[in-house]
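We call the chains A, B, C, D, E and F, going by the order they appear; numbering starts again at 1 in every chain.
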Amino acid sequence: MNQYRGNRALDQLRPIEIKTGIQKYAAASVLWTQGETKVLAALTIEDEIPPFLTGKKSGWLTAEYSLLPASTQTRSVREAAKGKQSGRTLEIQRLIGRGLRRAVDLKAFPDQTLKIDCEVIQADGGTRTASVCAAWLCLALAVQGGKLPKSALVAEIAAISVGIVGGDVSLDLEYAEDSRADVDMNVIMTGRGHYVEIQGTGENGDFSAAELQSLLSYAGKGIGEIFETERTFLKESGKNE
Amino acid sequence: MNQYRGNRALDQLRPIEIKTGIQKYAAASVLWTQGETKVLAALTIEDEIPPFLTGKKSGWLTAEYSLLPASTQTRSVREAAKGKQSGRTLEIQRLIGRGLRRAVDLKAFPDQTLKIDCEVIQADGGTRTASVCAAWLCLALAVQGGKLPKSALVAEIAAISVGIVGGDVSLDLEYAEDSRADVDMNVIMTGRGHYVEIQGTGENGDFSAAELQSLLSYAGKGIGEIFETERTFLKESGKNE
Amino acid sequence: MNQYRGNRALDQLRPIEIKTGIQKYAAASVLWTQGETKVLAALTIEDEIPPFLTGKKSGWLTAEYSLLPASTQTRSVREAAKGKQSGRTLEIQRLIGRGLRRAVDLKAFPDQTLKIDCEVIQADGGTRTASVCAAWLCLALAVQGGKLPKSALVAEIAAISVGIVGGDVSLDLEYAEDSRADVDMNVIMTGRGHYVEIQGTGENGDFSAAELQSLLSYAGKGIGEIFETERTFLKESGKNE
Amino acid sequence: MNQYRGNRALDQLRPIEIKTGIQKYAAASVLWTQGETKVLAALTIEDEIPPFLTGKKSGWLTAEYSLLPASTQTRSVREAAKGKQSGRTLEIQRLIGRGLRRAVDLKAFPDQTLKIDCEVIQADGGTRTASVCAAWLCLALAVQGGKLPKSALVAEIAAISVGIVGGDVSLDLEYAEDSRADVDMNVIMTGRGHYVEIQGTGENGDFSAAELQSLLSYAGKGIGEIFETERTFLKESGKNE
Amino acid sequence: MNQYRGNRALDQLRPIEIKTGIQKYAAASVLWTQGETKVLAALTIEDEIPPFLTGKKSGWLTAEYSLLPASTQTRSVREAAKGKQSGRTLEIQRLIGRGLRRAVDLKAFPDQTLKIDCEVIQADGGTRTASVCAAWLCLALAVQGGKLPKSALVAEIAAISVGIVGGDVSLDLEYAEDSRADVDMNVIMTGRGHYVEIQGTGENGDFSAAELQSLLSYAGKGIGEIFETERTFLKESGKNE
Amino acid sequence: MNQYRGNRALDQLRPIEIKTGIQKYAAASVLWTQGETKVLAALTIEDEIPPFLTGKKSGWLTAEYSLLPASTQTRSVREAAKGKQSGRTLEIQRLIGRGLRRAVDLKAFPDQTLKIDCEVIQADGGTRTASVCAAWLCLALAVQGGKLPKSALVAEIAAISVGIVGGDVSLDLEYAEDSRADVDMNVIMTGRGHYVEIQGTGENGDFSAAELQSLLSYAGKGIGEIFETERTFLKESGKNE
């Protein structure tokens, strides 16, 4: 029997909507809407690599993340105006980059860098995991559109947040839940059900081994459904090529 | 008899499309599409003022502008990552702020600051003038929605670019035109047909008094049509309140 | 039957050595040596709080982390000279701060901030988890020495790294192991065996649910032994008061 | 019949005084005094070009502008100490650079950059237009002195400010006028009477087409007189070579 | 018998020329020319003090120093554009500030800060000592002109550079000498012949106790002559009040 | 007859203790304890040189200096977090670098840079002179250990602070003395008794020629004793090789 928070079951994802083609100069772009959270991701392929890869016949992948100032309940100060990116921003873009590098074979695009830009248009919780999903879809669309070789994409990757809110393990937290969660966890998994990244934090409480299992089980269910959504979208999108 | 560049007459605007309600936390938000140029503007009303206005029973208005990295033909380096805003960005946001302050009565919202964020989603020429138009519409929508007092808005403001391209005076330049223009001019006008700002530059050539008149005449025509579009939009929008 | 890497079993901690009293102006300081990794942690208690806590009768705790330039195999550029802290540094000090805030009751030291400085003297893997342990010991010593009220410390906290190296789940990775690990995980736990933070990353590979259990089991064993070391140290240290 | 503000007619320039040879290491230097405004401009010729011109057999020209801290009524904070140039400074130096690039043939000094430094010693209005005039004179003196080839200078350039103050169109605004002007306009023209740059702003009011004509007419008159002054100065200066 | 370098004896100052009234908004300004070195110093009196003096009934004095980009043989990069002041700049302005604070009684101008700006117009050696002299003269002129109380100035201060060049102890080094000096020393003294600051550096060699005495003796002679020049200047200047 | 301050004669050094081998990745490292002042210095040898030495068959030496935040009575803000190094830090590391360059023959290690990192663990006065001593010892140990050629080290260098405190010339000031000193002087000398650097400042008073002699005489005595300590240490250390 499902337990509910408002109209949504505790193990239920928010509705996901996917739009592409927002930014025509990008190799691929995706507007990912998950409930009230909206993230615009774009992939640019540049003919350069960081110095440490020179001569190594390898490519690279990096991600950048930004909250648009008006995306949050209280306006966020523009990081370009402040002159530096916050620790939170840097932490998130490192997470996205690490996660996505697991999805690609860097040797398949030597001397090129895949740059993924994630812009949060509206932030209602789960922006970093939505960014991972949208970014991965950009990679898949770039392969589908012939911008990247098929061999570049070696794994499916998706991500979701879970948490413990008011004692309940819950899937896909909204901002109102996230801000009062005792435990907050972001999980990135592959299409084969393995973990790529687990970041769990007892913000206002610690959690037991049993709770951890429950959190991971919810995350696995949610990520499975996201993969369904993405696969369906890519099949439709492939038909239109 | 009209002269043409491709399918568009030299004195013809690109098609304009307006969407609102993109960013729910903002007092108003507008996605302004003009041809292939897309600007997302949002208005936030903050209960603070810059120090020089303390005790003056006045409000303030500022604007910020940003090219999303993937908005341009060649990806633009993220200014937050570089740690500073470019001269171009600062020049543009000063222009938007100055222009919009002409549209409002700062005394009508004492001790509050109107912060306008203009994010360029796709840049195909005319992003600063599209920003002015979208930003003004945010102000008008905020008044319509009761977020700002009616007395706050004292003028209609709109803007357009004009230029001389290959010898032809042309309205509303696309990027391909702008990048090879001899003269480039941005004009902000009021609904009564007066000038608020004129910024004309002979990038690759100077221009005569006669050419100036022609440029201003095209600008006047274009801005007139934009006011028509905005008034129609606001009338429709008002009905739905 | 234990498996070994060189002289050390896969589930064996490196030897830990603890010295205090290195920095006389600090409320407490600890030089934590774990194998060849050396971290100097210091606690300063300041009579100020960040603005968001004004009037809330609460204190705060933050952590800062730094690699001394000569601490690493290849000298690290000094962040003060570069003018900014790296994403890695910011990510680590956020982790340390979050973890340690779980150990304290912020209401027990209203209007004060506990500042924890972690300086890596020598970096041979596990510097962030060593920082957490050394920092927690500073808190405990400050309580023991009467610099903080007993009520300030509400939990024991310790941390360790685990990973999968060459196919083997391994405890307490050295740099040589860490740099070729397929999976790298940092775990912070309480003295009651609950999780405070889990950060697991498949740097060069993903990991299954079974591997996750194995990693967590090794981490639990290692952290248990660290608590033993810390409790013994504090008992001895308490006698000398 | 002329209208007056104090002793000066509304269409009258402030007295201009020109001194050269202030900075011996520069290719040319000019101390430009216009009323109480004093600008020191210097030209340095460097054997390097920005990356985007590599291999294009072209030179480049850039300008930098600075208010000395003690140049203003209230001391201006030193931008080097603040660690960044203000938006105003960047906007002005972009204006000076654009304007001066119209005066030169970049192909005439391949792989060299002309760097123009404008230091405001005393600011009493019109510092950016005085900078343009002083900078152009540096170019002309460098040609006269054989530091630049004759072919490098392809046009005469001068600039002036005009405005509407208390309802009167006025030429060459002093600070006291500028600070209460309704409309403020900077105009750069060529010796042949064409426009290079027009930047008009309704700071505290908008302006009609008729007012615009009047502003431009005053500007044309003032710039004509500046050209007379510069030509006379260069003739005298040429005799002394 | 005097030894010479070119036309100047080894213990001979370069000719000094003093002009005032360059910057009308300053409390006092001095253009100090010493040979080919030109420094513009200005004094601004601000009604604010640094936080550490709040409530202490004291004033403060700080100095800032800058090489104008075109002041040096090879153009110096503008520090405002680079976004930070060099170590050399910071070292020099700390020296000037410390030296000048010895000349004033901070209690004589409570809650005010004397800000001294030293701009090097042309750099031919000895810019920091010329800055000290010009800055002190600004203080004396401000007292003479009634901008500061007589009690504010408690000592005469002047400075000079000495060095060992090609084996010869030399007074008041030009750039060509300074750049090949084995020893370089800057000395600040009071009108009573005491030392305020000695900064001697064996740039390319060390120096014996005997050489030190010789350096200090030359410095004393030079500073004595500077005091004569300053006293004469102030007497003349006082007559014109 | 010796005069005393507490238990220490006015011309008596604080006890010095030297430890090496703190940082295994460095070419040499020294923990220098002088009374309660503790400085950790490390030498790294890098295969690169600054651009101005390219092709000159020369090496280079630079020094960096940092106060660890918890090293001071009141915690010092971390410069990496502030985003810039203070003027004091820059001044000190320039002093250390200049001083040490006198001890080496840059031609003996062409195309290499010796980087010296001085970290102040505990600051109780004299940290810059202790840094010079510890840094020189690193150089000597690197020669002894074969990391640098014998020809690289051409001079012995040591440093000490002296001052006038409460009217008494005093050697090797502690923080409590330094903070109320009228005159503060740092002296660097060679093993042959010559001066490399003298930086004397009348912080709260000026000083006569006689006082200067007395200060230098104390400094000479103290530095002589430091050389004894260093030579003894190196002899012992050499035996253990």
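Operating definition for what follows: contacts are C-beta pairs under 8 Å (C-beta built on N, C-alpha and C of every residue); 3 or more make two chains touch, one makes a residue touch a chain.
Model, not experiment: these values are computed from the prediction.
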Separation of chain F from chain D in steps, with touching chains one step apart: 2
Any chain in contact with chain B as well as chain F: none
Angle of rotation relating chain B to chain C [CA atoms, steps of 5 degrees]: 120
Chain A and chain F: spacing of chain centres that average the CA atoms, whole Å: 51
Separation of chain C from chain D, taking each centre as the mean of its C-alpha atoms, in whole Å: 60
Computed distance of Cα centres, chain E from chain D, in Å: 33
Residue numbers of chain B (touch at least two other chains): 83-84
Chain contact topology (line, ring, star, complete or other): ring
Traversal of the chain ring from chain B via chain D: B, D, E, F, C, A
Interfacial residue positions of chain F with respect to chain C in the complex: 22-26, 29, 36, 38, 40, 42-44, 46, 64, 66, 68-75, 78-85, 89, 115, 117, 119, 121-122
Complex contact set, residues of chain A against chain C: 84, 87-88, 90-91, 93-94, 98, 102, 155, 185, 189-190, 192-203, 206-209, 212, 216
